[in-house]
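Input: structures, listed below.
Okay, so chain A shows up in both of these, paired with chain B first and chain C after.
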Partner chain A sequence: MPNGVMNGAMNRKMRVLFGPIAGLVMFAGAIWIASTLVSREYKEPYRAPAAAADATPRAQGLAAEKADAETKARATPYVEAEYRRFPVVGSRVAIWAVAQLHLLFAAFVLAVPLFAFIIEAIGYKSGDPRYDRLAYEFTKLLSVSFSLTATFGAFLTFMLVILYPKFTNYLMSVFSPTFLPYVLLFFFEAFFLYTYYYGWGKFHPLVHLGLGLGLNLVGTSIMFIANAWLTFMMSPRGISDTGAVISVWDAVYNYTWMPINVHRVIANIAFGGSVAAAYAAFKFLQAETDEERAHYDWMGYIGNFVAISAFLPLPFAGYWLAKEIYAFSQTLGLTMMGGAFSWLFIIQAVLIGNLFLAANYYLWLGMGRVEGVQPLQKFIKYLLIGIALCFAVWATPRSIIATVSEVRAMGGSSHPVLGYLGVMSAKNTAVNILILTTFMSFLLYRRTGKIATVPWARIGHALQLAIFATAAAIVIFLGVYGYFVEATVRIRLSVPQVSSVLIAMVSITVIDIFLFRGATRTGEVRWGKIPPISQYVLIFIAVTFTWLMGLMGYVRSGLRQHWHVYGVVRDTSPDAFTPTLGFATKVVSATVLMFFLLIGVVFWIASLHERPDFQERKKAAHHTGAPEAELT
Partner chain B sequence: MKVPIVLAALAAFALLRLLRVNLLVWAGAWWLGIYLLLRFGFTAPIPSSVIMIYMGIVSLAILAYVSSSQPRRDEVAGPLVRFMTEKRYTPLLAATVVAIPALAAANVYVRMNVPVEPPLFSRTVHPASPADITVHDKRIDLDAGENPFRHLEASDPQEFRRHVENGRRVYYQNCVFCHGDTLAGNGMFVHGLDPIPTNFADAGTIPMLRETFLFWRISKGGPGLPDEGGPWDTAMPAWENFLKEDEMWDAILFLYDFTGSRPRGREAGTK
Partner chain C sequence: MTVPLIGRIGALVIATTAFYTYVGQMVPQKEVQPPAEVVVKGDLSTADMAKIGREIMEGKGLCLTCHTIGKSGALRFPDLAGVDGRAKSREPGLSDIEYFAQAMYEPNANIVPGFNPGMPTINKPPIGLNDREILCVIAYLQSLGGTPTVTLQTKHQYNAGAATPSQGASPGGTQPQTPLTGEKR
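This part shows the complex of A and B:
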């Protein structure tokens, strides 16, 4: 036998022998370790039975104390807790942050289906597949957001029950008939949402649009029910002086319910549009190809268009809400507009002014994507002057922060000239002109690169200009007239002001559509050819919208001051005080930051769709020689 | 407005137009021109807090304009890039680098080198009234209530005038010392008061309020102001201790009558 074969056989025998020997050694080792450990384990020292040994006075004392505590605990009757304390930040801030996060996600989840449905409908009508793709892309953001909304909703409910049990119990007793429909609608919402999302392209377009419509109707109904609870807290109705329920329907349909419903539907669209535009901006900045940039530029444009279109009527819905608050209680109205919260409205004016400026700026930057834009660029400076002036008027405080020497130099706490800009007439006028100016910016953008060829083009342009000038003149005239009439008449003047602006916008748009029918194009729209700063503007708009929602939500809720339900259920918790505006803005800012971190996660999860499968990436990496670590 | 300053600003702009300066200079000139106008162009000076808000808006607007199109961006960025990259500007660039922190330091010095004054006071416009008050053992509903003599204006003008005249008497016997002969908040005691009394002739004061609100402020005065929004630091006495209820309602009629303004009516809700 050759040596090598001999050695191989020996090795095999050795291995066979080695197995049992190793097993025995390990077994012995295990026994040894176990017995060593057992022998060294802690053993209680022997004690004599309690009955056999004399108890020390300390042991006797401890036993007596324990027995006493037990007897006391048994004798104490069960008392329902009124409040419980949340550690570190306190109950109010905890509820505030969770409620705000729930609301922000809920607003997003309600808004996205609204404009996804509209965009899908436009796609169906026009036959342009881009719209369908865009609507689907928006909808992709929905499913994760829906789960987060529901999670925050449950979180909020638990927090209310834990931290404010007595008040929550009262709300539940008033609104008990509304809870079952609410839960039921949630089931429908889930059904419509998931069939709408997963059924994309699987049904006849009309059936799919029907699902979208159902989703929107159910979502809006859910919001209406939840709005009843929170508006009741501010303007309770349908209850006796002691808080007993007289009519649930009256409690639902209280003073501020419908204004809040309308305000929120509009604001949700604006907010959802802006967040979707921010998503597109984020993708645009990440894009590596011109095609991607073109798509996300267009998506950002549409999202922003939806946001700004909804944003324009929002101040009017806000006025209605404020009017109803005044109608319900003079005290609430004064607290809001002239009292402790009035300075927040200056912050609001600054934010809204920034939003208008940013929206116009985005449109002006957008003109750069159209060839042959130069002739219209010259109008920007006039629009800008109008916007800056209106912004300044809106941000002028009625009660000016001033040193004693400044007050004396002015001759009073209000400035003799600027004092006129701090009141409603001036602010109403400013916001209406801002809206008109923004509309004109959009109109300029719309006609960039086009020349009207209809025979009545000159008359059309002149007519548009005349309508614009008339609307502006009416707004300014009524604004000035408002200084000479009593407050209730002045507030009513806002209706013709708004109407003239709306009529002007509609009539100018209608003329524009016919004016530019069959227009000559001087240049094509080059989607994606826009400076990156425009995308940061979109992100800025989304963040500002969110911040604004948080801030104004605080005003609405904080107005009640030391009441859970205004005038009925008093807040007797340690948090029953109005925090400073600085503190409030910090809480709102932290919440907004949390929201954007979470929405970033939503965007990331939504983007997993587009990611190639792991195995494919592994193969691709194998071909290109990329290390395994890059496949994570 | 101070006309010479406005004219000087206009002349400076005309000169810039003649010189056909580039966009960067225009942007700087606009910023500086508006600042000077706000700071020195008004007879009653504008408080610095408001100038700050306005200048923030102006800065944003100018930045938006100069970056709104590619040619404008190039026109503004060009001189700046040249300034920072061309060798001939190196000494000037070094001077600028030194000047920036020096300016910040100078700003700190100027801001700190001011006479000692009470801190900035952000007074809320109107304190929030309670829903109801009790005056001379009578409950007054501030939300739903009305001035009991207001209806006389239409139903019995003669009687209404009598109440207004009584209000005039009450005002000139009690309120004139702080609120002044013409109700402009400039009575003889005004120099000793901070905050100064309300100017009833100002369109932003009583025309914005309901008569019940005025009744609350007069009857309960400074001691009756809410905790929220304080400290109020007002010297207004609680007039319920000195006047009858009817006298206070009459004084309110007089305030509106004298200033020619109308009280705010109760909002009719759409509910």
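This part shows the complex of A and C:
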């Protein structure tokens, strides 16, 4: 037998022998350490004898003070704190900022896997490796964001326990059965996320897609559980008048739980898409080659497409949520739309109007990438007029801030003409037409550089136009009709308005897909050939989305006013008042700036992937004669 | 001098948030304090009760969040101008006091035609007025189109009393209870 083989066999035998011996030695060691520690007698730490210690009057005074404080502390009975104060900004603002940051990162971490999974699936189905690369690029942003989400989640939990102990204890008593599943799901989330990310290209594509699916299912389930806690605070159910738990399931499945679940999934996708598009914009502006610019232009386009596609149905999910809030409590609904928060919706209108304008502007700029765009560009001015008009109507308040003489001149706080635009009939109409117009922009972009060649092309175009016109006519007719009917009828008119827009969008898209199947191309899409300002528009959209999320998070939470759990657990802290909208917007801005600072760090860490190794850069610097100090 | 990319993006983010903060300062600024507790002393006159009732309706009761006084047109909830006149005759067998009490203790028992149900139970959270506060609100509602007659000793079917007949208010009345069939609000 050769020496090498003999040595190998010997080594294996030795390992087999030493394994149990080492185990026994370690076990004996552990027993010895434990028994030594247990048997050791407690000894007071050494202190200098009293005679040797400083016996000056000052030292005696200090000792007396200490003894007095100790005696007082012993005499004070233990009282459970209801609230504790956070220094400088107060407890409410501290919790608000941490919760908002946690939610923003959580939204991003939940949204990105959703569209990364879809893009990866498209890549697998089409065999186009660009999609796979794009999905991976999106996923690269996840790892650090996940850690930050968990960190802020833990931070929020500690802050709640420290600053609002009594209320947190109550929530825990109601929802304790949900905590263990939550933690368990978090473990699964970490498993799926890291295997999905680190396993890119290491598994069969279907196995990898399975991991992505698992990641999405677990992530969504985590969000649903957390949503139960916060919606319970707004619309409690499953408890007695005194707050005792009757049914945990009813507490989970409260009035606003499912609307918030749906609203958040959609809003997260819109937000995640916009932040990913902002990342692409940043990389585009940094790019040095045409190839890089083309890739990041495409990535930005896809991110924005995801964001706007999710944004279009978002108002409908918002309607459902508002309807459920009214169904739970008219008082709560009226506080939202007609009370302290009514002006907040004017700010929201400004934000959403800006989003629509920016999204359309980006699409119009994007048309320039395609050769043969001129025939469609003439429509842009009409779309812009439509959007501007709808924006103006939506941002018109019902009552106007005016001086006494102005109010006298108007005959009330509402303007005699513009006042008619400040009511829900006008606003519902404006937002539905705004959605239809943006959808039209998408369609124009989609068909830029293409000519339909199917035999029924003319009929198809006419049909699309007819559907669009009919939907617009229904929306406008019902909007006007709303002024002439009772409240009970008027409230229900938003349903056919929304339905007609949704039906129009779906049916026109279906026709469009078949209409442009096998279409003739009049020009190629030149990715990367877009003005740099378009990339700043993408960043503007991401900031606006983030700000909008912060604002709407505030109204959802602030609606409870002086209640921790509406109608059940009253807020008796010094922060129980509802602050002014001006103050709220300052807090929202501060959290948005903090988020962008942190997401900038995430982008930087994600980009370290592409950085050459230090040693390689050192060699390259050596060859080019660059100083080593530049190698940071 | 070219501003570095990070500086340009930072400036855009700051400018955008600053703009929205500015918009936030342009709207009316109102800080809403938790409703102040109203002290209802036992020796209040009916006129004082009506005054306190008005305060409660504007504050703790949140009544005027939904209801209006002296407005017409497409309203979401009934206007309260002259409501006492309607309350006396709205529900056969119920006095205005009983009618108002039912509207607050059991708001969905009957709904004014043309309006949706939506009024919360006033003696339970989140509003949670006590019996005395509700009597004060009734006093104020009586003053809208009528003369307040209710006192803090008035009994109705929800504060251990019984329903009183509809012919005028009868403070402290102990008439037999009438079945709840009337329209509310």
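What we mean here is this: the second predicted complex is superposed on the first by the 559 of 632 C-alpha atoms of A that agree within 3 Å, B and C clash if a C-alpha of one lies under 4 Å from a C-alpha of the other, contacts with A are read in each partner's own complex, and residues count from 1 in each chain.
The definition used in the following text is that contacts are C-beta pairs under 8 Å (C-beta built on N, C-alpha and C of every residue); 3 or more make two chains touch, one makes a residue touch a chain.
Note that this is a predicted model, so its numbers are computed, not measured.
Enquirer: Report clash or fit for the pair chain B and chain C bound to chain A in the combined superposed model.
Expert: On the shared chain A, the partners clash.
Enquirer: If you stack the two complexes on chain A, which partner ends up touching A:L593: first (chain B), second (chain C), both, or neither?
Expert: A:L593 sits against chain C, while chain B stays out of touch.
Enquirer: Is A:P313 contacted by the first partner chain B, the second partner chain C, both or neither?
Expert: neither
Enquirer: Which of the two partners, first being chain B and second being chain C, lies in contact with A:K381: first, second, both, or neither?
Expert: first
Enquirer: Check whether A:G419 is in contact with chain B, with chain C, with both or with neither, and answer first, second, both or neither.
Expert: first
Enquirer: Looking at chain A, which partner touches more of its residues: chain C or chain B?
Expert: Touching more of chain A: B.
Enquirer: Return first, second, both or neither, reflecting whether A:L357 touches chain B, chain C, both chains, or no partner chain.
Expert: So A:L357 only meets chain B here.
Enquirer: After lining up the shared chain so the two structures overlap, which partner does A:F540 touch, if you call chain B first and chain C second: first, second, both or neither?
Expert: The second partner, chain C, only.
Enquirer: If we overlay the two complexes on their shared chain A, which of chain B and chain C does A:A392 touch? Say first, second, both or neither.
Expert: first
Enquirer: Which partner does A:T578 reach: the first (chain B), the second (chain C), both, or neither?
Expert: Touch status of A:T578: both partners.
Enquirer: With the two complexes superposed on chain A, say which partner A:G90 touches: chain B (first), chain C (second), both, or neither.
Expert: After superposition on chain A, A:G90 lies in contact with neither partner.
Enquirer: For the superposed three-chain model, which listed region of chain C (3-11, 129-137 or 165-173) is the one that clashes with chain B?
Expert: The listed stretch with clashing C-alpha atoms is 129-137.
Enquirer: Taking the stated contact definition, name every residue in chain A that is touched by chain B in one complex and by chain C in the other, in rising order.
Expert: Residues 326, 329-331, 333-335, 338-340, 343, 350, 401, 483, 485-488, 491, 561, 567, 578 of chain A touch both chain B and chain C.
Enquirer: In their shared complex, at which residues does chain B touch chain A?
Expert: Counting only chain B, the residues touching chain A are 42, 44-50, 53-54, 56-58, 60-61, 64-65, 67-70, 73, 117-118, 120-131, 142-143, 185, 194-196, 199, 202-204, 207-210, 212-213, 228-229, 261-271.
Enquirer: Using the touch definition from the top, list the residues of chain A that touch chain B in their complex.
Expert: Residues 237, 253-255, 258, 320, 323-324, 326-335, 337-340, 342-343, 350, 353-354, 357, 360-361, 364-365, 367-368, 373, 377, 380-381, 384, 387-388, 391-392, 395-407, 409-420, 422-423, 483, 485-488, 491, 531, 533, 561, 567, 578.
Enquirer: Mind listing the chain A positions that touch chain C in their complex?
Expert: 241, 282, 285-286, 326, 329-331, 333-335, 338-340, 343-344, 346-347, 350-351, 401, 483, 485-488, 490-491, 536, 539-540, 543-544, 547, 561-563, 566-568, 570-571, 576-582, 584-586, 588-589, 592-593, 596, 600
Enquirer: Flag every residue of chain C that touches chain A in the complex, lowest number first.
Expert: The touching residues are 5-6, 8-9, 12-14, 16-18, 20-21, 23-25, 27-35, 62, 65-66, 74-76, 114-116, 118-120, 124-127.
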